[in-house]
Amino acid sequence: MISKVRLEAFSDGVIAIAITLLVLNIDVPPHAGGQLAHRLGEQWPSYAAYAVSFITIGIIWINHHGMVSRLAAVDHSILMLNLLLLLSIGLLPWTTALIAEYLREGSGQHLAAAIYAGSFLTMASAFYAMQRHILQNRRHLLTEAFDEERLRAIDRRNRFGLIPYAVAAALAPLSAYVTLAICAVIAAFYALPPRPQQDPAGHAAP
Amino acid sequence: MISKVRLEAFSDGVIAIAITLLVLNIDVPPHAGGQLAHRLGEQWPSYAAYAVSFITIGIIWINHHGMVSRLAAVDHSILMLNLLLLLSIGLLPWTTALIAEYLREGSGQHLAAAIYAGSFLTMASAFYAMQRHILQNRRHLLTEAFDEERLRAIDRRNRFGLIPYAVAAALAPLSAYVTLAICAVIAAFYALPPRPQQDPAGHAAP
Amino acid sequence: MISKVRLEAFSDGVIAIAITLLVLNIDVPPHAGGQLAHRLGEQWPSYAAYAVSFITIGIIWINHHGMVSRLAAVDHSILMLNLLLLLSIGLLPWTTALIAEYLREGSGQHLAAAIYAGSFLTMASAFYAMQRHILQNRRHLLTEAFDEERLRAIDRRNRFGLIPYAVAAALAPLSAYVTLAICAVIAAFYALPPRPQQDPAGHAAP
Amino acid sequence: MISKVRLEAFSDGVIAIAITLLVLNIDVPPHAGGQLAHRLGEQWPSYAAYAVSFITIGIIWINHHGMVSRLAAVDHSILMLNLLLLLSIGLLPWTTALIAEYLREGSGQHLAAAIYAGSFLTMASAFYAMQRHILQNRRHLLTEAFDEERLRAIDRRNRFGLIPYAVAAALAPLSAYVTLAICAVIAAFYALPPRPQQDPAGHAAP
């Protein structure tokens, strides 16, 4: 079976590439068509989407490491759930490009925003499914024992972590800007220092 | 000579990049030309091809690790067969983009599908050639002894693993959709949990 | 928490990808439109920007390693400051493409150059913030003790390292060529062998 | 200073990305414009250039590992020579796209071929410069002692390794096809199993 080390290395690779491909969604404006300053300014959704996606993927990387570092073994289900998680992360450069392109368009902006928040929700759900599988098979899969109380707390926190993205996606028909803002707030929330009492093992999925 | 560790690291890198470049085959529709929802829907071959190729490359990565982890040494032939395998994996973003672009075209769809399944067949053949070389030189190259019975079983299973892709390619002149569906079924088959009696060392090439 | 090893591996990945994506800013001229030699010659800003950015990112990679290798522990702030540093490095393929595209344009060249030097200044500032945090929390974070004298010297040198990029950005309204030339000189300065008395721990940020 | 391990990891990353980006030079033909089979056939220079560049970069990766694995220490010059080597490897996706695009054009094909072979010559020269520096400072830099005879043999072989690329570039004004063919033959030569008497430490630069 795949060793934990190589699972980490491959996942690190995919996540590092997805995060770096984000820059390809920022265009260099063609020469014709007016002042460069004006046209770079018009591209602000690209910069905002780049920053939000970059921080979000960075945080999922941190959480992914936390989850994998506690593993004592790797089974077939972990490999496949991890592959699904990477598949959802691999889509983010596209959904980021989509919202950057359509945020300021009258038509299409709502759908693009829903897909953007939806792609984060998918990623967080895949993360949740993987963590749930690990916790349910903790006797074979985890290096340390967790008491029931703590397990329930971790599970609860991860489930709650899905809600903000669901809200962001649900509000997309109302305003694409609100959706992007919520995703930005979620990223900022996880980027801020954890409160002292927080259990590092229970880092919720972004 | 190259150590096993660095062979794995380099292969992981190439496979991780190829799998992540797949997303570049999914377009952001240009603004002009109708409803975004409609045009995203028309792109469904891109999503399907992304998913099938992503899972397939993920599985070849798992199998590649299984093969390399049993190596006791790395010789020149392994380096070159591995390079050929990586060359065939590196082509997949292109063949994936090709089938995504042509699946719904009257003309060209059959050829694009044949090339798509053919690129998987090439990859599986390169994998088979590498594994065959290892098994034939097992005294120098493998860490553990395999009895003849088990070796024949591994070899047979890997040879059988080529057949579905050959069938998928052969059916392309009939229907490009059938070809893509077969590739999807193969990916799903390998993604499902292995039957208990399966020998992990004999993971067939996808 | 994230181990130092995995922080390095992920950072190495992002930096290696950003440095390699730089090549995408060099165009293959389309067939129509005159002599290939002439048109490749016209692209010289692309080659110059490629070389300057490649060397600069290579040097920040060297300095990043120096900084991380002295860490005894990784805290949440380091993770986030490192993510900001990677975010700024991830933008460089875009700012490099921007100056390459606009350097020879009458309009836009000054802004493009200011953004180019500004992106290096941002990167160096993120590096400085990360190093400052480490030095300020040196009791928990560093493997070895530094005497006050040496710490002040490192801090001073890093702060001075920001000045050349600020100057390069400030001179952009005057001449985009001067800005690019200053960035090239900075890269060459760091690429030259260090003077013997230089403290390797105090490698200034480029 | 940078450890050997991290120098390898970063170099592996850049080389793995450059080799995988090669696929982006193979186009998916647009729908309009005739039979897909015909137009894919017309793209044969892309496939040939992909294969030649992929094998060549793969071999330089093998040789790079051989060179670095014998290092006992890493100095500033090695870091910078390695960065120049990576810079030259990073350019190969562009020179590969250039020859693929221009090989069949009456005008431009000679220049494109000269640049293609020239980029391999540059890479091999950077490799040679790095190996020369290591051999000249072998007392500090190498793990094992080499007798004078063997050192001269390695140096000679590496210098001779430059000649075929120089010939390939020099023949470009005559025929771009001959240039590409020579590069293919060089790649095949290094890909073939080494003769038994060959010294693995003296693997010549491709």
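Order as written gives the chain letters A, B, C and D; numbering starts at 1 within each chain.
Rule of thumb we're sticking to: a contact is a pair of C-beta atoms (placed from the backbone, for glycine too) under 8 Å apart; a residue touches a chain by one contact, two chains touch by 3 or more.
Please read these numbers as outputs of a predicted model, since none were measured by experiment.
Enquirer: Indicate whether more than half of the residue numbers at the chain A-chain C interface occur in both copies; give same if so and different if not.
Expert: At the contact between chain A and chain C, which are copies of one sequence, the residues are largely different (under half shared).
Enquirer: By mean C-alpha position, what chain is farthest away from chain C?
Expert: B
Enquirer: In steps of 5 degrees, what rotation angle do you get fitting chain B onto chain D on the CA atoms?
Expert: Going from chain B to chain D via C-alpha fit gives 90 degrees.
Enquirer: Could you put a whole-Å number on the gap between the CA centroids of chain A and chain C?
Expert: 26
Enquirer: As a quick test, compute the distance in whole Å between the mean CA positions of chain B and chain C.
Expert: Inter-chain centre distance comes to 37 Å.
Enquirer: Chain C: which residues touch two or more other chains?
Expert: Chain C, residues with two or more chain partners: 9, 13, 17, 21, 24.
Enquirer: Once the touch criterion is applied, which pairs of chains come out as touching?
Expert: Pairs flagged as touching, ordered by label: A-B, A-C, B-D, C-D.
Enquirer: What does chain B use to touch chain A in their complex?
Expert: 8-9, 12-13, 15-17, 19-24, 26, 28, 31, 35-37, 40, 50-51, 54-55, 58, 61-62, 65-66, 69, 191, 193-194, 200
Enquirer: Along chain B, where are the residues that touch chain D in the complex?
Expert: Residue list for chain B touching chain D: 1-3, 6, 9-10, 13-14, 17-18, 21, 24, 76-77, 79-80, 83, 86-87, 90-91, 93-94, 97-98, 101-102, 105, 107-108, 111-112, 115.
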